[in-house]
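Order as written gives the chain letters A, B, C and D; numbering starts at 1 within each chain.
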């Protein structure tokens, strides 16, 4: 099992855990945590795509680096993805807070005013 | 030339002839039912005297113009249908209108009477009319079906041609012989058409004071009598033309009419009176299926 | 040659400016000006000869690495549609939004949303598309929650969580695509995915299509739509129903036809579309609230567009695009008027609008015209688009085409019945006491009236626009 | 030029009237004069358009096809009827329409309805036909829903049926366009021969079903009686006279010109089961069932509305026989029916105008107060019942002969049962309104004004005139038969010269006149007559005083109550209709409940969708 395969499997597992908690948890904050876990998994998956065996950090320095460099593009993607994840989680938490104020609970089973 | 004069003579005297035959039929009818009830019965031409008596009455109560006009409609309707029925010696008009026309012309008197009685604003009259119209619906349906069957078989709706076909073929081609089912069904319907017991609920004297005739007095009653007598002749001749092969001369026609009328009178004098819905159920349970079977037989070619 | 980048820069700058100005009057005027400027810009590009797509490279970096925006005839047409309806909605919200609230934040996010929509439309870079898609989603979460009522928070949170899961799928799909092609430009990915083994491409395609499908309200994943559209302020529901979901649909189809062309996505999408029509119209038939009915009706109409676009023929795409433009006009009319019905009566269910048609005559007439066009009554625009869709389906001979025609016609019957149930209550005799103290004519305020009149013009004379609507969904 | 004007005038009228009514609620007189002038212009143009039969004018280009409008013999026949009846309705409304109420958009929608109908009969290709058809059904909806609150709910019922009809026609047009490659009637007719059986059946069903819905054929007739009877009376007359007959125009056009004889013959499996027999059986049911339902009605307008459904059956059967007698009967029946049903409904409107009600149980004895309305109704019901000398008799006579000689005995019987049922129900109509004793509350009722009487006089003249001289109209009907490709009828001014028996209405009417004269003479022989009031009745000993009124109105035909009971008040078709609506409601409830509101279920949907998509894609390769 090479390093990238272990990382892929663990990324996939993280995503599964995140989705599992999203599907089963009734407490909204736990669902948001699950969402973050899934985000983590995706980011891990994105980073491992750029993995190059014993590659060095992709920074241009005066003298050329010794071995091959790790692919910088996925890392750029992960950066933006983390920022977006942060923004969404912040918004979600404020919404949960306002929901608690208006509904008096953050249990998805009880917050079902809008149906049919 | 003489055919035109002959025609004019026929046009003028034909209703009178029909009226006199009607009087004899009416008188014979009274005589026959009296004999059945073991009494002597009035004279042979009693209806003629009744008409004369009624027409000479001084007080004639009228309920407005419509009452008068509808009485005229009543009498003229029957006379109108008279002209379109071919009889020995006179069938000039039957070329202008066939049997469908005659069926509709027969409806004019009923409508006329209904309007007139409605105008008299007498509840008994209205009840009588509603029964009359419902009865009309009852007996007219099987009667028309029998006619449709005959017309389909012979491929023509003109009564004169039907009579010619039966005349040329002799007894073997009479309607009643070739299609007994249709003939019998038509007989039931005829019983209803002539308002003879058991289909006499329209003028049931005890329940609704003779129904439509409640408000009719004097010449109004007289005109209704005239219409009734001519109607006897009209309906019997229709049946004779359709099913008894019409007639070459008047004696044969009169003989057939009297035989037919006796048959109807015999039924009339022994039966009680149906209620309106029972009468309708009877009409739609017995003659209608009979006629339908007859027509299906014709369609399938059994004939 | 005004560069297409302005489409993104102008609204972004205006958004931040409105937040800085932070005065209601200032924010309103600034938003209105930006809307007008964008429409002028879009009109310029719409008139420009775009037979060959004009592409712009940002910050000088070559395409595989840098971000590439390209403007072709389809993007120009959609840009015009977005900017015009955006401008009209801003005009509508001049009088619709309650004056005491802080409006600058609302306009800022609205402009952000418009910037993101232009961004999605123009970008040719997969990850750039993802970023703009995220901005679009976040701004619509905020706008849905902007009425700050109990229901709007619930709807917004549900929408947020569903949207995030969707973007998660998209991100995974982008990762998988990048892993195979080594580049983020759509053309390279398309070429690379061509050779990749089929089940791999299928997984990527499924993840991407359903990731973006959530925003495009495709049948199984559009569960957020009824709640979001019915609780959002009507100007926002008009924007959402008007062009946001359609835009996502067009971009989704453009990608699935180019990037994932090796996988036959058309068939499953077509059957999802038909299911969308049936479920949407049936659900709308049973509703009692006006805005929720219109939301479900949008679901049905999106299904109709998707069905047309996935027929696989040129005529089908043309019809789909035409119906998109019609739906923007007609659905915006209905939503904007619904907004004012709520403002005037303070109630949301249809029964309490009885007699409003007589008290608001002009609005009533606009509502009827909008409804007639949605149902497809000649000589309005809706008839032409529905006719084109059905004849395209008949000629295309695609599998399920005739089933589609039957479903569409059944859908129209349902649509006519529930829309005209509303019209009937509008013109019935008013029960006393359910309208606010305002007596006599309670017409909409002037800016709102002009905005709705703008959309009505589009609906009435839309049939003349038919030849101008392009359908080239190529990259 | 005139055909073009025939479309432009109603359009201009509609726009002007709509704008006019939008801005000024008052201005009743101005609105009325404008409407009167507008409709008179339309009638004139319709008459003058005769010279342009056969010419084609081109409308706007749509979907690569130039819309064609043009006059043919049958469309000129319909154009005359449409414009004539709308003119009479407007003249009647000059008297009947009062301030406020339905006034504002009354004329606007009447113009729009004219435009729709004229457009349908003028269109020469199925695209124009469909556009104008949709326009017509929508304007009918708006025209219907003007009156009372009940009118709005029944108009909704009509709308659902009309929309279903339009959608089926839409599918039909798409299918035909794809199958035959073009929209024009003639082009399609030429390619129809090449259709295989499946396409032919589909084309026939898709084209004829909407026409049957619009002309209220038996199973699809539920919408007509409630919708027409709750509309404002002037509109009821206009609609029941001509609006549903446009469906029959469609049947005639699609049966004879588009599909043509060969296709009709091909569409048959065995001798007894073919397209004609199917349509005729539908027609037979349409004749019998509505007429029985009419017997049980207690409202005059509803009774007449049910008769409109019933009489539609005669026209349908006439057209479906495709013999020269039958088609002539069907076409002429459209004209005759139009004249006497409008006459009857105008008289009922006159009664309603004065007494305010059309409930048959509460009226009576109005003959003393409204004699002209009575005579008008009398002419009308004699026509409707089809009794000579009125024109109704001639068209029914034609239909009967074609059925009897065509070998359809039971159809002829059904037709006759329809006629008898009509006679009974029309007598109930005239008896309950005009005959019997006059209730106190109607003592001060007066005759209606000039404008309302004029149409009644005109129609009386037409009903009697075309009855005694049917050749006036039958002459043009024969020309129509030639254009439809049916063997024309030998027609003389006085009647029909058909081979298997002749009908001469002059002779029948003149003999009728003569016998009336004789009866009058007999009447004069009797003594003078004494006229008494309505309350001077003989009651077989029972004491009658003035305060108590004896009107035998309620439950007039009680025998049917025993025989049929409730079978006609809650018939199978009504239960079927309610079942269908319940089904749609259950389906919509099911669709609604998919959106449960639970966040977790929504997320499960998304995940499930991805998995499903992958499985489908894997399966589809």
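By definition in this document, a contact is a pair of C-beta atoms (placed from the backbone, for glycine too) under 8 Å apart; a residue touches a chain by one contact, two chains touch by 3 or more.
Being a predicted model, the structure only gives us computed values, none of them experimental.
Undergrad: Once every inter-chain C-beta contact is counted, which two chains account for the most?
TA: After tallying contacts for each pair, the winner is B-D.
Undergrad: Taking every chain's C-alpha mean, which one sits closest to the mean of all protein C-alpha atoms?
TA: D
Undergrad: Would you mind pulling out the distance in Å between where the CA atoms of subunit B average out and where those of subunit C do?
TA: 79
Undergrad: Could you give the separation in Å between the centres of subunit A and subunit D, each centre being the mean of its C-alpha atoms?
TA: Those two chain centres are 69 Å apart.
Undergrad: Per the centroid of Cα atoms for each chain, what is the distance between subunit A and subunit B, given in Å?
TA: A distance of 100 Å separates the two centres.
Undergrad: Which whole number of Å gives the spacing of the CA centres of subunit A and subunit C?
TA: 29
Undergrad: Could you check subunit D for residues that touch two or more other chains and list them?
TA: 592, 595, 597, 599, 603, 607
Undergrad: Residues of subunit A that touch two or more other chains: which are they?
TA: Residues 19, 22, 28, 31, 111, 113-114, 116.
Undergrad: Touching two or more other chains, which residues of subunit C qualify?
TA: 157-158, 161, 165, 226-227, 286
Undergrad: Select the category (line, ring, star, complete, other) that matches the graph of chains linked by touching.
TA: Basically it's none of the tidy shapes, so other.
Undergrad: Can you list the subunit A residues touching subunit D in their complex?
TA: Touching subunit D: residues 19, 22-26, 28, 31, 108-109, 111-116 of subunit A.
Undergrad: How about subunit D: which of its residues touch subunit B in the complex?
TA: Residues 365, 367-368, 374, 378, 382, 385-388, 393, 397, 400-401, 404-405, 407, 409-410, 412-413, 416-417, 420-421, 423-424, 427, 430-431, 434-437, 495, 500-504, 507-508, 511-512, 515-516, 518-520, 522-523, 525-532, 534-540, 550-552, 556-560, 562-563.
Undergrad: Mind listing the subunit D positions that touch subunit C in their complex?
TA: Answer in residue numbers: 22, 62-63, 130-131, 134-135, 138, 141, 145, 149, 152-153, 155-156, 159-160, 163-164, 167-168, 170-171, 174-175, 177-178, 584-585, 587-592, 594-595, 597, 599, 601-603, 605-610, 612-614, 616-618, 620-621.
Undergrad: Help me check something: in the complex, which residues belonging to subunit C touch subunit A?
TA: Per the stated touch rule, the residues are 65, 127, 131, 134, 138, 141-142, 145, 148-151, 153-158, 160-161, 164-165, 167-168, 171-172, 174-175, 178-179, 184, 226-227, 230-231, 286.
Undergrad: So in the complex, which bits of subunit B are touching subunit D?
TA: Where subunit B meets subunit D, its residues are 15, 55-64, 66, 68, 71-77, 79-80, 83, 93, 95-98, 100-101, 104-105, 107-108, 111, 114-115, 118-124, 126-127, 129-131, 133-134, 136-137, 140-141, 144-145, 148-149, 151-152, 155-158, 161, 209, 214-215, 218-219, 222-223, 226, 276-277, 280-281, 292, 295, 298-299.
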